[in-house]
């Protein structure tokens, strides 16, 4: 029982690795389907911009609210801009954007590809001489890796605005003090961390979504199962990767 | 849902010689017809009408919100009148609670770990690494525990509710249930809402605990600090307002997750593709709403229980 | 459409001769975003009567059945079901009324998370009937549709025809006062269709429950008229030549309007060009 579960886990990981590797290799040999990549970038980027902006805004606002009471405990109320800015930039901006986009797009990818698999459209594509990995997976992977950092920036920016709104309205901190505080403390390592994370998260969520989509079996029910697995796995993996990257960055830039 | 039947507007309505009651009825019919036509245009891809004008989108949103409010209200009221379906409640509680325990546990652990890592790096600049425990436990319990658990469970369960109910709608199983004399609202929706509200609170507690242990693991094994100090900091500086905030939030998030998941499931149209669409809409809407309501609740609770 | 009836909607007549119709539609309209799907529809189903609703695909035959059960609401008009005005009832009030009727859906609509036993027993379980009695009655119902061996199976394991038969068993289990069949033979091969028609006939001739059967297959409709179920031999036998079942009559829909209402004899001798074309 345990043995078979373990075997199937190892088997999934192995399959996932081989398959992702193939998708990445496809980028470096023609043909690369740029049109599909653009279409995907539009669905992922433009499609998610609104919800990412909204979540970013309220996230920033909550951070400002919480930081007020939290920092007061340490006698450090003056550091609010810094707290909001840094937390958004290196931690919550990337993670929440990643998880929200995973909920929206990893699931879309899994259900799209999944229903193509169960209706044999993917097989049909292969029989017409088009590599489904090259045509379907690689564009999604690339598009997500390009757009997610941009979406994260949107979330960060709206988060700053949200935090600023609270700090002005509720905490009476002048906005220029808040902004200089938020800006001044962010060093290059923080910016790098804040931009590396979304690239990695994008890789995780796109490859996960496509992977679960492509190995769908069992009709319409199978498609919804893959969809949910894709969301869950990519969210947990994003949190795990976030931990690893934070650890490495602290090591590199103490 | 399927109730959006358009009313045939009688030719008489075009005449100027109507009595007052007739006129009123005509006006209501025409208004209602236009309203419904506008609100349903998005659900019907084959509809040749030009859609997405601003007023139509606005109507659309208002109508959806109105429909959702009625839906969520009915589901809640059903809790207080028989018949109640307890076995279904237990099954759902098992699916939501036990089924999500593993991912909530994992995500809680890593979140706590990251919190400890980042905060101790920042706190080191002030020479205050000793307060890591306090920082982790307060942040976890007040904010990240409820929000992250909510979003994780939304990704897993709002989506599965929407896809389950959605495929029941498109295969006429919901109609069959109504035809057999069973109210799908009571049988399917209310147990899901009640069980999610209760289980999400427990899941949040699990996430909080795992987060604090994750933070402890990092603090002790990676940063080489003292475990006793970490835990006493984590425990001592927790006050009732923190706990209240941490326990009230999941109640609302649970309600959002289940009602949004069921709502989008029950209004699914358009076959298997429609089910996929509902699933994704449910996850997205639930996640955004959770963060929005988290903000509102933080605001309200901070006013009610000012920080000590 | 009749404007006079809009301002003072017609009602189904109150019963005068002591035997009220089981179902009565009076000037019913319904439309979904566009032209009326059903317009000015009036007909009745008498006790013990089997009405066969003919018509090409997409003329609102399924909508008519859902209207009868209150699953959809008409835009206006009056519908009486078992003596109750369906259009005036709330959803909550409708549930007990629906429980007195049975409906077989087009794609069977079995609950795929439940076993065949639980599907068939659905109403009994809701009514908290003891388990032993449920088992016994489910076996009886499954025996009626000749599918006893599927007792523990799941809908996913059944073929299309078997699902249809289980759906019939589910609709029949509480001996409803009216049965609605929504294209019970749709999408089935001819041999399986005959089995289903035989079941409909068996139900008609054994329990004498009034019913409405929607179909677009003329041969199924004719078979129901010209055969009867012989309980002695356990299958259907043809009626003597020239004889038809007196209680089985026809309705025909085209583009949302009722274009025919009468017996098989009248149907075969009608002058309506559309009906003639459809029959050929």
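Lettered A, B and C in written order, each chain numbered from 1.
Convention: a residue touches a chain if its C-beta (ideal position, glycine included) is under 8 Å from a C-beta of that chain, and two chains touch if they have at least 3 such contacts.
The structure presented is a predicted model; accordingly, all values stated were derived computationally and were not measured.
Top contact pair of chains, counted by C-beta pairs, is A-B. Of all the chains shown, the one with its CA centroid nearest the global CA centroid is B.
The mean-CA centres of chain B and chain C are about 40 angstrom from one another, to the nearest whole unit.
Inter-chain spacing, taken between the CA centroids of chain A and chain B, is 20 Å. Note: centroid distance chain A to chain C, computed from Cα atoms, is 52 Å. On the chain B side of its complex with chain C, the touching residues are 2-8, 10-12, 22, 25, 36-37, 40, 44, 47, 168, 171-173, 175-183.
Chain B makes touch with chain A in their complex at residues 103, 106-107, 110-111, 113-114, 117-118, 121-122, 126, 128, 131, 134-135, 138-139, 142-143, 148, 151-152, 154-156, 159-160, 163-164, 167, 222, 237, 272-273, 275-276, 279-280, 283-284, 287-288, 291-292, 294-295, 298-299, 302, 307. The residues of chain C lying in touch with chain B in their complex are 1, 3, 6-7, 29-34, 36, 39, 66, 69, 71-76, 91-92, 94-103, 105-107, 109-112, 122-123, 126, 170. Against chain B, the residues of chain A that register as touching in their complex are 51, 54-55, 58-59, 61-62, 65-66, 68-70, 72-74, 76, 86-87, 90-91, 96, 99-100, 102-104, 107-108, 111-112, 115, 220-221, 223-224, 227-228, 231-232, 235-236, 239-240, 242-243, 246-247, 250, 254.
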